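Next come two complexes built around chain A: one with chain B, the other with chain C.
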Partner chain A sequence: MSGRVDGWRWAGRVFLVLILLFTAVPMVWMLLTSIKSQFAAMQYPPQWWPKEPTLENYTKLLDPTNPVGNDFLRYMWNSFYVSLATTVLGVAVAVPAAYAFSRFRFPGRTFLFFAVLLRNMFPAVVFLMPLFILMRWLGLVGTHGSLILTYLTFGLPLSIWLLKGFYDNIPIQLEQAARIDGATRFQAFLLIVMPLSVPGILATSIFSFIGAWNEYVYAATFLNRQDQLTLPVGIQRFFAEFATDWPGLMAATFLMSVPVVVLFLILQRYFVRALTEGAVKS
Partner chain B sequence: MAKVTLENVVKTYGPVTAVGDVSFTVQDGEFVALVGPSGCGKTTTLNLIAGLIPISGGNIRIGDKLVNDLDPKDRDIAMVFQNYALYPNKTVAKNLAFPLQMRRLPKDEIARKVAEAARVLDITHLLERKPRELSGGQQQRVALGRALVRDPRAFLMDEPLSNLDAKLRVQMRTELKRFHQDLKATIIYVTHDQLEAVTMADKMAVMNGGTLQQYDSPKNVFDHPVNTFVASFVGSPAMSLVPLRRVVEGDAVALAGDGWQMPLSPANARKALSAKSDTVILGARHSTIALHDGPREGAVPGRVYTVEPTGDVTFVQVHVDGAIVIASLAPDVAVRSDTNVWLGFDQSRMHLFDCETQMALT
Partner chain C sequence: MAVSSGPVTGSLRRDDGLLRRIVTHRADYAYVLPALVVMMVVIAYPIWFTVDMSFYKTPASLQLRDRTFVGWKNYHTILTAPAFWSVTLNTLIWTVASTFFAFLLGLGAALSLHREFAGRAVLRAILLIPYVISAVAASYLWKWLYHSDFGVIGALSVQWGFTDKPINFLDNIHTALPSLIVVNIWREFSFAMIMLMAGLQTVPEQLLRAAQVDGANAWQRFWHVTAPHLKGVSMVTVLLLMVANFNSFIVPWLMTGGGPAGASDIWITHIYQIAFGRQNWGLASAYSVILFIVMMCLGYFYVQALTRGDKGRPE
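Our next item is the complex of A and B:
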């Protein structure tokens, strides 16, 4: 009996280790390649551990006087700008929307709430052409505005859903108490509800930031000027020109994933809380 | 402090009437309990007085001021919630200070009033803690403190004791009563526990199905319930109610069951005659029923169903004509289940209700 239980347990462990290798090995290989020289990276059989580790690829990318670094830093800034604008605007819209869905009963509430999710039922690519035509009509093709608007339509539904769950879990009596204690409805929201929903707002912010940071298809379609490109598109086009500088490419992708990983590490406890909020009665 | 007046107050949600035509006046300094079963509209009524939900009809006055359209913040009332609604991210001191900050009192006055409220409620040592670090009873005191820190015109309390354990509830009940006496505060107190209402309140408003059934002192509600609902809701164990046939022979009126008759006293006979139909509901509290082990003049036969000793009194449930009648005995008297007994009703303290209207016959 116990032997069989142990068998399952070991099978589970082996499975988990395989999954871990599957996800971790490419990242480790990326990191190792990024500190090799161009020559070492192409060697066969491969150098499993770089014989002469170098940070040259990184210094090149982060040096604004170098043309490669200049472009890379510009792409990074573009990505940062677009992602941040998406996040800030998204939160500014999602917070009041989620609060309204959570607290008010108004005609069409249920319909609207599910309509918000409608977009998420289709693959993003389906909307590529319609949105492109719409953006051209709005005169936004070739601007960061087109991307920010598009990313907002992707990120908002999820943000509103997550935040609504958060507000649902804040007892309405807290606001009622505040209003009786002399606060207006808006003050009750600002002074009592907002501080309590900070974890939820942080979690949804990460969601929309990462979504915007990683997006490729729309960025590749809507932007055409070299100096406007965001990182995912920039890295791909940029390195295609120089044949394949694998160590440089790996260094660039590593730098691109740093903000996401850092955000996750710092805010993961809020993140988990947001996703499980309301799952178990406290 | 001020008096609070409700005039024909109505609250509807679409076709649903949550509160229908409720009127009563809470005098300055009075402790009024709103009681009734779940969903009877008592909490809705309290929220209407607080201004947390808009009124559909009628008038609410606090003092002489019509407050129908005033925001909660402009009604100058304080409220204690069932879940206490303490601000979880603020310390106890900041919880207490919040209503004063909202009213823009000077800092030194806020500090003075917070210290005073904390002293009165004996929570000075908790001032720097967060609500989640407090026990239920301590949270309760802080909630009370936040209400009394700013001399409101009336206190509204929504089941403030129901989240406490039984022992603490009894203790806080005493303290709340003392608090009312010391402050001469106008208190409107919602509870589903009729015992809390009876023990603490000057008056109780018994509600059912969104309407006010009776508004009177606990003693009068207990002694003279206006209908069968109030009769069965107030008092523990509940008043026994037995529907019986009215038999009139000349001047004599009696209530008849299966194979027995109970002649009525002249006063009760007059009441019974005013009933609209021939069925009259007999109501009697356990303390007014005598239990005999043999037939007596005017006693009603029944069969013992269960015996419940509670220590200082033993309750005996007796089957009478398909209904259950609860009588009480001294604990040293032995009664066994499934034996025949005879019940003697005290005619001067029994109640008669009309079976059609369920109203008390007078």
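Our next item is the complex of A and C:
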């Protein structure tokens, strides 16, 4: 019998090696391409290992005195600004809502909650037309405000859902004790529940930030001035002019991915918890 | 907000009238109000707008004041166009194949990673990176891998003797859609993996050990002990993957734009083309309404799966 168990274990190991290759080889190839010159990248058969590795693509992108680098750094700043604003505002709106969904039993609560969830079901593209009209009416087309407002709303259902899961796990007795000691309900919320929900807030923040950082569809539609673009749209515009600069594009793609990957690696525990919260009750 | 009445738990007295209960709980709404206002403006209004617009013929100039009412004509146009059925077939293939393989790979990875071993956390983190980076990054990366002249995949398939010359993966009606599905699987399988890994933690160790003592082999233990415990989380995962795939736009749009000759055109890219390529918002809105309906059906099953996961856990 132990022979068969070992067989399964070996199958698992082989599978893990294969899936690791599937995941990692494309990313390794991106890195290898990004340290080649354009001439070295455009060869057939390919140079498997860069013969003359160069950091030229990166220095070009990160040098503010270079026009290419100047644009790239501006896009990065725009992405950062929009993502951060979305995250902070999103948490501010989601925290009270999630708390209410977790604690109170007001009429319409269940309906509201599923209405909130269903928002996740609709794709960005079909909301583009009405939101474009709405943003035009609000005078927000061509501003970062249009993106922040949009990202805020499509991040909100998930944020509320995640935070509600965290609040459900905070014992209600803590608040009741505070109420008996004379705290108002709002004070109990602010002084007792809020500090305990920091992990939940962190988890939702990562999600909002990564979602906003990576978003493409609205950013491609609502912004029109070159200096306002966020990274996902920016690098596209950028390389349309030199359609064949693949090493440069790979370097830009790598740099664009660094912040979210670093954020994810640091806060991985919360990320995973957020992802599985709600679907799995332990 | 401190003026609220009632104990912390909030009281739910069934004999109260609805209005009375709303008045009693008025303070509770203050907490959800900001979220509600934002959602109303950005969700209720767009849905109303789309449904309304779907009954109009809109000018390509997008001067929406000049629209004319045409009743159900847009819907008729969609359902009788041959493109509708080919796009629907592509969407089905895309959604089902992506979901199926992402789930399968995710399940394999979750089972293989369940046991503790050195480097497990690192491995899990690496596998999650494609899920974390943007779809834009993934699209450009894979576009380069698939490149017709200098792509590494074409070069390898020649080197290993699968083909005589590099295949133009993205510009061939037979390979375009499957190539995009591979990218999608690459991006998504680790989501299924993470969900199922969490699900595996709910499988009681004692049950597995008891089954082993009773002489069940590894496959029997998986099928009779582990699988029933994964049922709830699997349903949620599959539905979430299906919704995400059905709605995904960036990968097909940036990699092929729905081409060649519509071979990789799915609903979302098709709608985008009608709305922003042909500037026909009336028709695009009618398409969106049909899509709403499909999504509502999926949404219904999603909620069912979620609430079932809450109540009826196996054993």
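Just so we're on the same page, the second predicted complex is superposed on the first by the 251 of 282 C-alpha atoms of A that agree within 3 Å, B and C clash if a C-alpha of one lies under 4 Å from a C-alpha of the other, contacts with A are read in each partner's own complex, and residues count from 1 in each chain.
We adopt the following convention: a contact is a pair of C-beta atoms (placed from the backbone, for glycine too) under 8 Å apart; a residue touches a chain by one contact, two chains touch by 3 or more.
The shown structure was predicted, so the numbers you read here are calculated from the model rather than taken from an experiment.
J.: Should A:M121 be classified as contacting the first partner (chain B), the second (chain C), both, or neither?
T.: It touches chain C, and chain B stays clear.
J.: Could you say whether A:P195 touches chain B, chain C, both of them, or neither, answering first, second, both or neither?
T.: In the superposed model, A:P195 contacts chain B only, not chain C.
J.: Which partner, once the models are overlaid, touches more of chain A's residues, chain C or chain B?
T.: For chain A, the partner with the higher number of touched residues is C.
J.: Could you tell me if A:N214 is touching chain B, chain C, both of them or neither one (first, second, both, neither)?
T.: second
J.: Once chain A of both complexes is superposed, is A:M42 in touch with chain B (first), chain C (second), both, or neither?
T.: It touches chain C, and chain B stays clear.
J.: Which partner chains sit in contact with A:Q187 here, chain B, chain C, both or neither? Use first/second/both/neither.
T.: In the superposition, A:Q187 touches chain B and chain C alike.
J.: So in the superposed three-chain picture, is A:P171 touching just chain B, just chain C, both, or none of them (first/second/both/neither)?
T.: first
J.: Let me test your reading of the model: by the given contact rule, A:R179 touches which partner, first (chain B), second (chain C), both or neither?
T.: A:R179: touches chain B and chain C.
J.: Please work out whether A:F264 is in contact with chain B alone, chain C alone, both, or neither, and reply first, second, both or neither.
T.: It touches chain C, and chain B stays clear.
J.: Based on the superposed arrangement, let me know which partner A:P26 touches: chain B (first), chain C (second), both, or neither?
T.: A:P26: touches chain C, not chain B.
J.: Using the superposition on chain A as set up above, list the residues of chain A that contact both chain B and chain C.
T.: Looking at chain A, the two contact sets intersect at 176, 179, 184-185, 187.
J.: Using the touch definition from the top, list the residues of chain B that touch chain A in their complex.
T.: Residues 47, 50-52, 71-73, 75, 77-79, 81-83, 85, 87-89, 98-99, 102-103, 146.
J.: Along chain C, where are the residues that touch chain A in the complex?
T.: Residues in contact with chain A: 1-2, 4, 7-12, 18, 21-22, 25, 28-32, 34-36, 38-39, 41-43, 45-47, 49-50, 53, 64, 105, 108-109, 111-113, 115, 123, 125-130, 132-137, 140-142, 144-145, 147, 149-150, 152, 155, 158-159, 166, 186, 189-191, 194-195, 197-199, 201-202, 217-218, 232-233, 236-237, 240, 243, 246-250, 254, 268, 271-272, 275-276, 281, 284-285, 287-288, 291-292, 295-296, 298-299, 302-303, 306, 309-310, 313.
J.: How about chain A: which of its residues touch chain C in the complex?
T.: 1, 4-5, 8-9, 12-13, 15-16, 19-20, 22-24, 26-27, 29-30, 33, 41-46, 92-94, 96-97, 99-101, 103-107, 112, 114-131, 133-134, 149-150, 152-154, 156-157, 160, 172, 175-176, 179, 184-188, 210, 213-217, 221, 232, 235-236, 246, 249-250, 253, 256-257, 260-261, 264-265, 268, 271-272, 275-276, 278-282
J.: Flag every residue of chain A that touches chain B in the complex, lowest number first.
T.: Checking each residue of chain A against chain B gives 171, 173-174, 176-185, 187, 192, 195-196.
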